[in-house]
Amino acid sequence: MLNETAKGVYTIAVTPFLPDGAIDFDSIDRMVDFYIEQGATGLTILGMMGEAGKLSAHESMQVVDRVIARTSVPVVVGVSAPGYAAMETLSKASMDAGAAGVMVAPTSNLRSDSQITAYYHGAARVLGDAPFVLQDFPLATGVVIPTNVILQIVDDCPTCVMLKHEDWPGLEKITALRAASDAGSRRISILCGNGGMYLLEEILRGADGAMTGFAYPEMMAQVVAAVNAGDESRARDIFDAYMPMVRYEAQPGLGLAIRKYSLAQRGAIAHPTLRNPGATLNAIAAREVDILAQRQTAALRKLGV
Amino acid sequence: MLNETAKGVYTIAVTPFLPDGAIDFDSIDRMVDFYIEQGATGLTILGMMGEAGKLSAHESMQVVDRVIARTSVPVVVGVSAPGYAAMETLSKASMDAGAAGVMVAPTSNLRSDSQITAYYHGAARVLGDAPFVLQDFPLATGVVIPTNVILQIVDDCPTCVMLKHEDWPGLEKITALRAASDAGSRRISILCGNGGMYLLEEILRGADGAMTGFAYPEMMAQVVAAVNAGDESRARDIFDAYMPMVRYEAQPGLGLAIRKYSLAQRGAIAHPTLRNPGATLNAIAAREVDILAQRQTAALRKLGV
Amino acid sequence: MLNETAKGVYTIAVTPFLPDGAIDFDSIDRMVDFYIEQGATGLTILGMMGEAGKLSAHESMQVVDRVIARTSVPVVVGVSAPGYAAMETLSKASMDAGAAGVMVAPTSNLRSDSQITAYYHGAARVLGDAPFVLQDFPLATGVVIPTNVILQIVDDCPTCVMLKHEDWPGLEKITALRAASDAGSRRISILCGNGGMYLLEEILRGADGAMTGFAYPEMMAQVVAAVNAGDESRARDIFDAYMPMVRYEAQPGLGLAIRKYSLAQRGAIAHPTLRNPGATLNAIAAREVDILAQRQTAALRKLGV
Amino acid sequence: MLNETAKGVYTIAVTPFLPDGAIDFDSIDRMVDFYIEQGATGLTILGMMGEAGKLSAHESMQVVDRVIARTSVPVVVGVSAPGYAAMETLSKASMDAGAAGVMVAPTSNLRSDSQITAYYHGAARVLGDAPFVLQDFPLATGVVIPTNVILQIVDDCPTCVMLKHEDWPGLEKITALRAASDAGSRRISILCGNGGMYLLEEILRGADGAMTGFAYPEMMAQVVAAVNAGDESRARDIFDAYMPMVRYEAQPGLGLAIRKYSLAQRGAIAHPTLRNPGATLNAIAAREVDILAQRQTAALRKLGV
């Protein structure tokens, strides 16, 4: 079961598809193995980057079952939904299937501190015993969750054990949350998103790791390990070597197509296919990624990584 | 099967719930009977005001089956979804169950004429033979669909047979669409939403009727009938008598709670319950509705309605 | 000087233009006289419906000076701006010119309770002694201001003397604010917007009047007077008689063109011109307004108004 | 006068303030000199990052005059405004003062291809002979301008001579625009924004340079020069060396504070002050910038830059 001590790298998994749009179950197995080989200490599935909204309810559970059957690392399942009923159904089924916890983003209509708090109170109630991750991703949800609101939810809901930190800018929020837990507030796990773009600073400010889907999960593992080993300089060297690719993948709307292209190139999945409607990578963009990958390899070799 | 000649009143049906949030199937039957007694010539289910997003996939089909089993008027099923896969699944199941057609709103990320057109091309492809309603509701979706884009979609997709017109302001759009069909574009059915607030002018500009869920569907039936009978003055008298209630129900966020309260007061459904998370009507607001209802009854009596 | 006891009807004034887009100063005089003859107890200028954003800084002050020179009723000047510097400049000049107070809407980037509070703290500081109106208009600004945030601002800023209430739905907010002042919070004036669409219920829930620009300001004056005289039934009769026109004018984007057309028809301004870029009313819409005006006149005559 | 052949680096200039918020005119001089020493071939002032919205009309012209008096490189003035009147006033005054051209972003209410085209037709009319830059920045304006709409505006408005390209993702747009001009459409200058985050790929796809305000304008000059010299590999080496700082400055809301801090550290302006309301950089963040700057210097030294 997921709890407040979670750390390391929870990779946001893609959902692999065959060229005709059907779920590619063989690639799920290969991808799970790949993520873990590259240093993932947990997996998060059915998030926004997992194209969760494009799956039927039946397919969602097929993905949950397949991933959990393949690995023993903790699996977090995204259960965000417009209503609590669908959230409850998917959460219960996932926990029964062996998930470690679930993740909940706020619905995009929430517009004030008290509306957000009330929403999470309600969510915690329907989720019951399931530990949950509060997903804080204003760029995608349109909902800004201030630090004091996060602390209130942590205070009110014992099952809130982790923050998926994806506010942008969000560095001050980490500092403020850690100051609050130092002052007596319950300390929850903070894993960071945004494709890893600010991971270095996030870790130094007190985050426990990453929860994001950058196509090179080893970057997050290596950076976290170097910081934990006390070698900030080496952490920065590694981080910087990946940065040109990180920022290329950060293009909104196109990012998932880039990520799936890279994963397919690396053999983690068989096809870069996104389900419709979804962006595709053309030949020029694919070549841009190839060049970045070659230079990245060279830069890492120089560092002895 | 739904086609371009559809007219009259397609009531947007609520989804009735028991106080504990379970679907109230008995009330579905009663509600269907009520809508048709009050003049509905068709029903639209699983729309935004049907709390579609709060139902599980299984429940959605239960509602579809129950409504279709109860009535012989055409039933349109809302199948809007973030991805085509879920849309295809629900559409196919609904058409197999006997639905007359389906309704598709654009996803909220669409941001230009060509993106919108491409989205409907893709939707028409996965819907196959199912006739579909283009839902044009910018206030809820954030997507503005210009007249020329609607005409392009009508031109490209023979299965697009109806516009659920809910742009605001949208009167000029009706006039422009009718001018286009007079000039040779395929003429599709236009049924209007916005809770009936502009129905009088909409009909006079060429709309074929209403597709909205105002708790007094007889208003729409009576106004359409009076206009069709050539008695514009009487149509206006009736329309104006309902207007204080129409505008009260038009409060966004709260509107559905008001509507369900009125339907429960009228005996159409057993409970005014909304599924969580949803607004509720407190005692002061309920009293405001009661007074409006009493005055409305008195005004209609004077008109001999 | 504006204070917490303000009540009645503060009309949101349009800015009249000549057909070539220049400010029509003669019409300003006529319009001011008209508003006051129709029952305005105050005027609000340079608001959103005053096309403030389309005026140069110099023109804004010309309008302020002209209006204040023409009347002795209190004049509130809209001073909302992206930065405090422009706000301070216009506020100081307006107060020096004889304005009774100023009005401030939040900037659209504010996204949490504490950000909103901080913004008004800063605004109050630069406004100095000038009494100010807090404009709460989420549909236009995108900023939702919860009741507790309004109360906090009222508590922190003694110069906040009025709420321009334009939340939608917003009836509960009035009830909650009045409950708070009954319980000891400083009671400020609440004048309501939204084109008068909910004025009846707003007054009954404790609002002090209207601050809106419906082209028939006498409606607001008559409704407020009837409620104050204890004759709720007559207030409703009058209110309902205007409702078809109120809802027609409520069309966003087009509403100001409708309003200026009506004001020009009534002789309050010489031309219905909006400054570019702005909507215009075509012949069909103008005829729709004409019919509504004729029916309105007839309905009011029946009521002996 | 600005024309279609413009290339190189047009730095988006900040507006320097004294600690009390007054304009720091001495720093304007120093900053202009600094930008040009670092390789700027033009300057753009009064853009969003110039805090234009926080200046009074009088102050805006003071800034325009001071900058133009100090330099002979072309100066582009941001004249975006809610209405054409203010746009016309500022544009005319700026061109009279010696500006090379003006820049116009779409107003945020535009919602379809034809609305955007119509808006620029109107803008071009009021701007008269002044060459203008079309600012395409959806993240800030909320307005997506498809490629075909840009081409239409270029076709219709001979005074549209440049695109400030800031769509995200936007690489395909550059490729499409260049394909169109290769096919006969008028070729305009394309200078890219987004803080330089994609400059390398943008130049390779056919952009003519950068128009952005990254605190190290020499990066843009060096990258453009290396690409023009045919040394793509060196261009990438330089680009990558700056990338950790580029992405740190890319934090929305906080970015300008970071930029001003860096400019103050570099001696380009005397104070990092933003006008109220605006973000400030605290000590932790300042230290993060300092470390990035040190590492950047070291990386560039290795490259012999």
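Should a chain be cited, it is by its letter among A, B, C and D, assigned in written order, with residues numbered from 1 in that chain.
The rule we apply is simple: a residue touches a chain if its C-beta (ideal position, glycine included) is under 8 Å from a C-beta of that chain, and two chains touch if they have at least 3 such contacts.
Heads up on the chains, UniProt names are A, B, C, D = Dihydrodipicolinate synthase family protein.
Because the structure is predicted, anything quoted here is derived from the model rather than measured.
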{"item": "Partner chains shared by chain B and chain C (touch criterion as defined above)", "value": "A, D"}
{"item": "Chain located farthest away, centre of chain D as origin (C-alpha)", "value": "B"}
{"item": "Interface with more contacting C-beta pairs, comparing A-D to B-D", "value": "A-D"}
{"item": "Copy pair chain C, chain D: interface residue numbering same or different (half cut)", "value": "same"}
{"item": "For chain C paired with chain D, centre-to-centre distance based on mean C-alpha positions, whole Å", "value": "38"}
{"item": "Centre-of-Cα separation between chain D and chain A, whole angstrom", "value": "33"}
{"item": "Length of the line joining the C-alpha centres of chain B and chain D, rounded to whole Å", "value": "47"}
{"item": "Of all residues in chain D, the ones touching two or more other chains", "value": "253"}
{"item": "Chain contact topology (line, ring, star, complete or other)", "value": "complete"}
{"item": "Residues of chain C defined as touching chain B within the complex", "value": "168-169, 171-172, 175, 197-198, 201, 205, 236, 239-240, 243-244, 246-248, 251-254, 282, 284-285, 288, 295, 299"}
{"item": "Residue ranges of chain D in contact with chain C within the complex", "value": "21, 51, 53-59, 81-86, 89, 107, 109, 118-119, 122, 126, 253, 275-277"}
{"item": "Complex interface listing, chain A residues touching chain C", "value": "111-115, 138, 144-146, 148-149"}
